[in-house]
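Note that subunit A is present in both complexes that follow, paired respectively with subunit B and with subunit C.
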Partner chain A sequence: MTIIQKKETLKWILDNIAWFILLAMLTIFSFTVKGFAQWPIYRNILYHSVFVGILAIAEAICILSKEMDLSVESVLALSAVVTAYLAGIGLDASGLHLNGPTTLIIVLIMGAIIGLFNSYFIVRMKINSFIVTLAGYLIFRAIGLIITKGHGVVNISKDIVAVARTNIGPIPLMVIILLVIYVIFSLFLSKTQFGRFIYFVGDNREASYNAGIKTDRVLTIVFIMSGVLSALAGWLLAARTNGSSPSLGQGILFEAMAAVVIGGVSLQGGVGKLSGVFAGAVILSSISTVINIVNINPYYMNIIRGAMIIIAVLLDAIIRKIRPKLI
Partner chain B sequence: MKRKLIISLLSILFVATTVMGGIAADKGLVYYLSPNQFDEMQTAASKMVESAVERAGYTCRTLVAGNEDSNLQMNQLENAITQNPKAIIVAAVDGNAIVGGVEQAKAAGIPVIVFDRVISETKVDFTSVAGCKRIGIMAAHEIANLLKEKYGEVRGTILDIMGDPGDSYTTLIEEGLRETMENEYPNVQIETKIAYGWEATTAANIADDYLLAHPDTDLIFPHSDHMTVATASVLQTKGLQKNEILLVSTAGMPSGLQLIRDGWLKATVEQPVSAQAEGIAMFLDDIIEGKKIELGPYEVMEIPAEIIEQPYGLELRISGSVINAENVDNPIFWGNQVGD
Partner chain C sequence: MIILINGASQSNNQPILTVKNISKRFGNVQALKDVSLEIYKGDVIGLLGDNGAGKSTLIKIIAGNFPADEGEVFLEGKKVNFNSPSEARAAGIETVYQNSPVCINATVYENFYIGRELVNNFLGIKLVRNKEMQNGTMEVLKNLEISLPSVKAEIGLLSGGQRQAIILGRFFHWGGKIALLDEPFAALGVAESRKGLKLIRDISQKGLPIILITHNIEYAFQVMNKFVILRHGEVVGAGEKKDVSVEDIVSLITGAIEIKE
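And now, the complex of A and B:
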């Protein structure tokens, strides 16, 4: 192997460090945790990473463009509520009993409108995205609470629930949906001109504008994509829980942010790959799963979860720091 | 002449009724400080407290502490004090954090009534609680009955899914469950997990993972019905039949009652929210006027209750009920009372 080849190999390893952390964790858990080393556990890890995984794409695209979307969690919750409200049979449902495809179209349009709403204030009114989406974080979940008067809605259309309960071979349909979305968005970011514009805008907005890139248009579409992806995650979450409850998805924003950071997306914008984000989401899901199956005092769970996230991020940070010296 | 007399009498009656009604509805302002708006039970509790207080002749103003924000609740309490209300009813986010505010209210001569969540670090004027520990004890006995039905003796393994550990509702249930099991049913193994923030998907994921590593689990006990709905969905996804793994819950939410009707949930121990609210209304005048309230047994909405002296003041303790397939449609349960 030539020096150049060695450098390329090392660069590839460092670029995909989240995957190696994931592999190391899964290996350690498989050999040390009783009952871990079985396909259904790995299947669960993937299944449970679906919602965080999709939200993490939404967040990653925003961060790549050097913006932030804090409203993703509330859009997810609102989408789950709207889905349950339109397709549920409970006391607080609409009574319309709409089917899966119709509710999906409605919530995706709703997500797009929310994205447009956010982008209007960010792009046109030049208000910081942190502030605008923080307001959205508060507003959109509250709208969901108003719709169902703060009650849960159970028993939604069977065709929606079926999405959560169908397997294609040994793999849940939800996981396939997640993988397809990752592949599509990874290709979109890496292979299309518009995807590259997102990186350019995140790396240097002024230079991108001077180079003729319509930065406002790029950011508007970024926020619309974020809204649509969050709404899709909410629809899938309603399928998973056969309805919605007022606290559904609470705290998932922080998991999505953690997945993005662990996955190597720079908070400074313009750097990072969705494959790393996917690994980040699966790392978080693996930690939760191992905590769920081992017998430990439940009060220590969040300490362990937090410590493992810090270890993963620290490891990633150390390697990224030594990377320029090695290459 | 006769007609004029009748009209006059009716007019007097109308005016008198209106004036009396006006007086009845004008006894003054009472604040209710609710801890959150994400918990279905708290949403119902707000409506029930408002309704009970207004039936007692007061105007009720509800303030919600966002999502269990103790600092926000403290601010709300301080703002409420400035309005000089007749009383403040508090369902505390944090029973310790709010002590300073409670003492400010007392110093301003405003009675403080505690609803649902005990404030034990200072003296309050009245406390109306279900006795969450009692709910845990009742759940333990119900679980024991179900395991005995299954095995002929009380033995087995339980996955116990607590809600947020910052909420005394779940920690007291846990205490009641654990104490009862350890003392009376030692052959029952309990494995406890936590669904932080009472988040339903977290509860579902816990059940999903745990059942893979421990397929011999007999029963799952999520501490609230909304988490049980998501857990039942996981059992269905796994292709399990009804009652193959038993489900017992607490709260008595509409969604829990529906799950009992559907045959997935064996029983839920109701928190008697409407009786707790009614209990406050029963004694509200006496509390505000500073009259002595007798200790001893009472009945609130036909539910046995008792007023006892606690270090923190008088406590109205109301028993919860076990709801199962036999009594699920009883209109006395709050889960059957909420709606439009």
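And now, the complex of A and C:
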């Protein structure tokens, strides 16, 4: 190997460090944790990453553009509630008995409107996205609670529930949906002009604007995409739980955020790849699975998540020091 | 010794940029008073003067940062009134400076083609053509003899001189009409500055006129063919380099000698 090839290899490893961490973790768990090394466990890990994974894409797109969306969790919850309410077959629902595709379209449009709502205040009124979406975080879950008067909804349309229970070969349909969404959005971010604009706008808004990129339009679409993805995750969560409960998905925002950071997306904007975010989501899911298996007190979970975030940030700082030497 | 700008001997081709009788006040401070200059294809004008002489104010008026109180600016013979730097940029005037905004985490070629990406249209989706953009960037940089480790390197990992060279090369390549270089050597080492000087000379000879603001008179002297010296907001000397010495320039800047019509 020439020096250039060595440098390229090292660069590639550093750019994909989350995957190496994931592989190392899975290997260690497989050899040390009894009962870990079997397909149902791996499948469960993947299934577990579906909701965090999709929310993490929404969050990653916002963070790549140097904004933040704290409302993703509440949009997910609202979407699940609306889905369950419209498609519920029990007395606790709307009585409309809508089918899967109809509810999906409704919640996706709702997600887009919420994204537009967020972006109006962020882009037009120039209010910090942290503040705007913090308000959204409070508002959207509350709307869901008001719709169902704080009750849960159980038993929804069978075609929705089927999405969560269908397997294609050994792989759950949910996991395939997750993978397809990741592939689509990875290609979108890395290969399309608009995807590159998201990076540029996050990296240096002035340079992007100077280059004629409509930065306001880019940010508006970023928040719309975030809303739609969160709503989709909520719909899938309703399918998974065959309904909705008031506390559905509580705390998932922080898991999504952790997956994004562990996956190597920089909070400074313009840096990171979705493949890393996927690895980040699976890392978190593997850890919680292991904690379940070995019967560790689940309260340790957040300590481990916190530690993972710190390690990820430290690692990022180290990589940033090494990288300049690799050009 | 000094040939004043208005009477300057010029070929009869049209100036690219004409600044006519510009004045600007900030409160009680007369920042610019009746300043005029003309720049032609192939020119490198050294815009010189001490701190507070009005160089930056003049540059900012030309670049559309703010309007002049009095006077006019003509681009290729047409009167222009820029309301913002982006309007000036769209018309072909750009300021390049030490901290010119770039996407530091994006690659050299992405920064080179930013907003002008080469794309394939696939069912209405615009897919970027990275390979072509890399080759295109390499070719332009090669023509301008700008050497870089790789066009695939993040621009933030390059030196300040390399960055400015890329921005200037990009501006030239995309049909810029006049470049305003604001203290380009401020944070550069000797070797880098030398490369920068060569680039300025090459690019101006290829047809892009340049106004160079710098405190480093020695550097300015190496590349400029004309100069305009400001003092207290007024033009105190202007002409062709071949008619003056470095000492003359310094004297004009400090006011040790004065020339009046």
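Points to keep in mind about this one:
We adopt the following convention: the second predicted complex is superposed on the first by the 296 of 327 C-alpha atoms of A that agree within 3 Å, B and C clash if a C-alpha of one lies under 4 Å from a C-alpha of the other, contacts with A are read in each partner's own complex, and residues count from 1 in each chain.
Following the convention adopted for this analysis, a contact is a pair of C-beta atoms (placed from the backbone, for glycine too) under 8 Å apart; a residue touches a chain by one contact, two chains touch by 3 or more.
Being a predicted model, the structure only gives us computed values, none of them experimental.
In the superposition on chain A, A:V271 makes contact with subunit C only, while subunit B stays out of contact range. Once the two complexes are laid over each other on the shared chain, residue contacts for A:R165 go to subunit B alone; subunit C is not touched.
By the touch criterion defined above, A:K34 reaches subunit B but does not reach subunit C.
In the superposed model, A:R217 makes contact with neither subunit B nor subunit C. Measured by the number of subunit A residues touched, the leading partner among subunit B and subunit C is B. By the document's definition of touching, of the two partners only subunit C reaches A:Q193; subunit B does not. Once the two complexes are laid over each other on the shared chain, residue contacts for A:N204 go to subunit C alone; subunit B is not touched. Interface residues of subunit A, counted against subunit C in their complex, comprise 191-194, 196, 199-200, 203-204, 206-213, 266, 270-271, 323-324, 327. By the touch criterion stated above, subunit C contacts subunit A in their complex at residues 85-86, 89, 100-106, 110-111, 114-117, 119, 125-128, 149-150, 153-154, 157-158. Across the complex, subunit A is touched by residues 37-40, 42-44, 67, 162, 165, 191-194, 196-201, 204-206, 208-210, 212-214, 226, 229-230, 232-233, 236-237, 253-255, 258-259, 262, 338-340 of subunit B.
Subunit A makes touch with subunit B in their complex at residues 34-36, 38, 40-41, 44, 47-48, 51, 90-92, 145, 149-155, 161, 164-165, 237, 240-243, 245-252, 288-289, 292-293, 295, 298-299, 301-302.
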